[in-house]
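Okay, got some structures for you below.
Next come two complexes, and both contain subunit A; in the first it sits with subunit B, in the second with subunit C.
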Partner chain A sequence: MEGNKTFGDVLQSLPKQVLYIILIVFTSVPLFFPVKVPNQPLESSIDLYANLMSVKPGETVLLASDWTNSTRGESLGQFNSVMRILMRRGVNAVIYSTGDPQAPRVAQDAIAKLNVERIAAKQPEYKRWENFVSVGFFSNGEATVNGMATSVRSSFNGKKDFAPGRGLTDVFESPILKGREKVADFPLLIVITGSKTSNITVERLSGKVPIAFAVTGVMGPETGNFYQSQQIVGFASGLKGLYDLEGLMEDGVNNPDKSGNVVVKSSKYGPIPGFPGEKNDGQGKRYYPTLHFAVGLLILAVIIGNVGMFLSRSGGRK
Partner chain B sequence: MPPILTYDGIKVTFGVLATVGLYSVLYRENKFYRFFEHLFLGLAAGWTLLTIWVENLKGPWWDLMVGVAPEKAGDPGGNGNWAYIILLPVGLMGYMVFSKKHNWMSRIPIGLILGLWSGQQIQIWYNTYGKQIAGTAQPIWPTTWSSLTVPNYDTLQLSPEALAAARSQVYLSQAITNFLFLMTVVCVLSYFLFSFDAKSKLVRSASGLGRYLLMIGFGAIFGSTVLMRFTLLIDRMYFIWIEWFNNVILNRS
Partner chain C sequence: MNLILQSKVVNFWAQPFNSQWLWTGVIGGLLFGILIFLGLMFMPAQFRRPVVAFSTFIGGAYWVLLYIFPAPIDMQKTELATGPVESVGKFLTDANPVVVSVSGTVTAFMLGLGIFSLLSIHLKRITRRQKDWAFSVVLLAALASMAFFGYADYISRQGPDGTKLDLQANWGFVNYGRDLLFDGLLQQMDAAMFSVIAFYILSAAYRAFRVRSVEATILLSTALLVMLSLMGAVAFVWNDAVRNMANGNDFLMNFQLTEIAGWIRRTFETSSLRGIAFGVGIGALAMGLRIWLSLERTGGGA
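Up next is the complex of A and B:
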């Protein structure tokens, strides 16, 4: 009977719809009021940033874009940050996907939006074919990456992308892929993923090319193993990794600001500049503070539930 | 033109409808949710079929087999190589799994795949775990007592040589961390000793501790899973409130 409910019972029997509405409020309102959360970047994020910044302008990196809108909350921001760094430094990218058929399209859409941003800021467009090629989707990630360990040319054989004025053209005719046969011909392989393609890459390409990851929060702990044993050179994990990356793009590493303060210090590297004054903020700055409110609500709900259970068990009826 | 009437505006508005439709299942099962669920599945399946043909079959197989006709003057085109047709019956055999009479044929491509897969496993295992096993061998005895904890290298004003020397030392705090790490590895491994009845009290204790350490690990992984799920929800809220309501409806982008 409703009237016989103790206070403890009431605390434990909040309708789930009420909890959902509270959760929606907690995850919506802070989005309109982004605040800066104090942050110390993880060493793994600093290593990712340092490795991205160490690629020479004009070089071409391999970029496995294995995420879709299902992990947009984390992966889109990571992709945007990585691409902004590559674009600003004049580094070319060969983009391929082994995780999901939708992934190449999603990556191209994201680059198109970044190009709109660049053109608005009077920066040169990051051009398809000249700056990046989309090799497309491979339905068998294991076989493709295994093939790449021997020959990138064989693995990408028959793949075409749009060349200006020529339509679909063999990707190896692109200037950014000229003379590149093996995976070792690329200075860095970056995997942005929401699935196990990061594992597949380490399993087959570890030791053949420097590998860096941007993974979802779920994958953070297992990716930490690869990082600790130096199978990968750096990684960003989830929203925290993204927030780190956005902060590093603003502050750099061992890089004094106008007042001479060094915001991010690391004894592993010399000064690495950031991109102050440019658009570095994105999903990280928007979502990270909001995540704190959501987690706060979760902790509160756990406390309320436990207090309710304690009161119910102790028989404290009103 | 108001943003909601542009292509992007209509696209985002439809995305919001789909998001709300899929979230409506939180209230209860309903037709609105079912519609968008089926729409999503249909789109994903259709897109996958198209992608597999365009990206995986046409260029890397069909065009190589039949050749490519020159599209304009000066275009050399490409000769076909009919040897690629051998792949077709091998692939089709996989579908024989649906035939009661001929399903033995499906074992041929499956066997090929299994063989290729098995052949990779030794290299894969070593690439995945070789370095991790080597990394498990950590010193558990300090090599210096000059400091009990690892100094903050970032604030030390040392020459590169002195910094390298300081980094190569094992401090007490590191030794304790390494010991805890090694102990965790051994205890967790002892938990998986199922092949014999462990009667030793030491092994049983280590196994019990291993079970608790595993649970701590799973708890940490679950925590990061929860954070990720929250992030996905936050992203959807951003999509609705900022990308649609603020940018499209209020036109304040």
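Up next is the complex of A and C:
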């Protein structure tokens, strides 16, 4: 039977080991040679960036960090990019989690690494208590976010974080939470998530505060619903969204570069600056070429399989 | 009636910190909780159902009332309500943090329940030397070591100098232990598990995604266009070619890859997902009502 195989049959019966080796090569090699892939940011990513850049320095945003290990590939990069923007603009953050008990610690570790990067670049440290507080994990996300709709102060009641020289202190004694009672007292709520906490946030807090998301690629389509209905002001979806964000941090929006070229144009906004010369590249630039090749390979696999099927049907023999 | 309207209602939920009333309430609540716990333990099985049904109804009724009952606007905790409507609204609003804390605490108990269940199953397997008992030993050792180092790391960060441990240079043994277990092992193993999905997807795409019908052809073409739009380099080249060919023609500009993919997302994808969301929402509402009214006997119903 082996000898009677048509070319179509051969195309349809590639050994899975071959496929797996090709996949390993296609996804591993680009990790060692990061290249800048040409890119056109999605409108949703531009909106996210524009909203992050519109928060005034000294303001405090709510940041739901609902990601851990499983979505680290996308969420860590998104978290780092969002935090870099907040840090550089002098925007404070109240970090909470309703997604996973590990999430607050994972977020604190990420901020600690960003602080090392800032100190190395001779930039001021993003200080706990003065620039951000971590109010920790809430085991019942639905009830907590529902409670936040009524009063943030009540929902975060009794939560403590480290005050310099005082140890654990009520978070509402922090200068960044002074006078903030309701969710409407915050200019923006950012949810970085790999789970359904984004849905709960929209259901309970939509219309009460501008909401922006950074979600995984899998969650992108359903998040698009909230974006189209204007329940959220912008979002980054998966690696593509992260790559968009990193590019926007470099180029800005409607912002001419040194040679006068505007890299990213948008009719919705005036000029929004980027942060050229600073460390804007991260996981997006590192992983996006890999995604590129993986998607390309997937398309190629579908095409080969179908070509094989058509050749087999038409009866062409080798 | 005027007397009722003018009556001042005591703010039940906002007793001053460390006050006698607060402590009385805390101790009373604790004793009440112990009594309920003991009562439920020794209650005959046929009486448990109405108790669970009543608790479920009260729990659900609170959120329903909070959602639909008019809440007082900009009322401070120390202010006293005037009139029954404002009193009820204020009572519901003030009760919010308490209800959130209670529900959070109850939810947290599920973690303990999970650990108890895990321990009872795997300890039994180890003591009886059942099949693959060695894996149970590994699991329990991982659970114990992660809990130990995780908690020790947490405790080491509780002092006034806890923030110093944000820098690796100040770490001690337990901090390195947690880092090794959590960042060094758990994260990498999680990543490895998830990366396996890529192999299944590729294999499935190659073997199963065939254009055997008109519907499959439409699905495949749509999927390919959206996937291609995720490839920045392809989208860049395609868009550039269309822009050059269109020469300013607005209609032809619609054939840019990002425009086509955006149109697919805005029309087909969003509307179909919205339909699914509506269906799921209606199903959740029906199930929620059944659970709330204890009509549902499975999956947590009374």
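We take it that the second predicted complex is superposed on the first by the 282 of 318 C-alpha atoms of A that agree within 3 Å, B and C clash if a C-alpha of one lies under 4 Å from a C-alpha of the other, contacts with A are read in each partner's own complex, and residues count from 1 in each chain.
Please note the rule applied: contacts are C-beta pairs under 8 Å (C-beta built on N, C-alpha and C of every residue); 3 or more make two chains touch, one makes a residue touch a chain.
None of these values were measured; they are calculated from a predicted model.
K.L.:
Quick one: on subunit A, after the overlay, do subunit B and subunit C clash, or do they fit? Just give me the call.
P.N.:
Because the two structures are overlaid on the shared chain, the partners are seen to clash.
K.L.:
With the two structures laid over each other on chain A, which partner does A:291 touch: subunit B (first), subunit C (second), both, or neither?
P.N.:
A:291 contacts both subunit B and subunit C.
K.L.:
Using the touch definition from the top, say if A:221 reaches subunit B (first), subunit C (second), both or neither.
P.N.:
It touches subunit B and subunit C both.
K.L.:
In the overlaid three-chain picture, which partner chain does A:314 touch, first (subunit B) or second (subunit C), both, or neither?
P.N.:
In the superposed model, A:314 contacts neither subunit B nor subunit C.
K.L.:
Look at A:28 in the shared chain and tell me whether it touches subunit B only, subunit C only, both, or neither; answer first, second, both or neither.
P.N.:
first
K.L.:
Between subunit B (first) and subunit C (second), which does A:40 come into contact with in this model arrangement: first, second, both, or neither?
P.N.:
second
K.L.:
According to the stated criteria, A:123 is in contact with first (subunit B), second (subunit C), both, or neither; which is it?
P.N.:
neither
K.L.:
Tell me the contact category for A:167 with respect to subunit B and subunit C: first, second, both or neither.
P.N.:
In the superposed model, A:167 contacts both subunit B and subunit C.
K.L.:
State whether A:17 touches subunit B only (first), subunit C only (second), both chains, or neither.
P.N.:
first
K.L.:
What residues on subunit A does subunit C touch that subunit B touches too?
P.N.:
In subunit A, positions 16, 20, 23, 27, 70, 72-73, 101-102, 138-139, 143, 146, 157-158, 167, 221, 225, 228, 291, 294-295, 298 sit in both the subunit B and subunit C interfaces.
K.L.:
Which positions of subunit A touch subunit C when the two form their complex?
P.N.:
14, 16, 19-20, 23, 27, 37-40, 42-43, 69-70, 72-73, 101-102, 108-109, 111-112, 115-116, 128, 138-140, 143-144, 146-147, 150-151, 154-155, 157-158, 162, 164-168, 221-222, 224-225, 228, 240, 243, 288, 291-292, 294-299, 301-302, 304-306, 309
K.L.:
Applying the document's contact rule, which stretches of subunit B touch subunit A when the two form their complex?
P.N.:
26-27, 44, 47-48, 51-52, 54-56, 59-61, 63-64, 71, 116-117, 120, 123-124, 127-128, 131-132, 134-135, 153-156, 163, 167, 217, 220-221, 224-228, 230-238, 240-242
K.L.:
Give the list of subunit C residues in touch with subunit A in this complex.
P.N.:
The touching residues are 63, 66, 71, 93, 96-97, 99-101, 103-108, 111, 158-160, 162-163, 166-167, 182-183, 186-187, 190-191, 194, 198-199, 201-203, 205-207, 209-212, 220, 224, 227-228, 230-233, 235-237, 239, 258, 262, 265-266, 269-270, 273-274, 277.
K.L.:
Of all residues in subunit A, which touch subunit B in the complex?
P.N.:
16-17, 20, 23-24, 27-28, 31-32, 70-74, 76, 101-102, 104, 136-139, 142-143, 146, 157-160, 167, 199, 202-204, 206-207, 216-218, 220-221, 225, 228-231, 237-239, 265-267, 283, 286-287, 290-291, 294-295, 298
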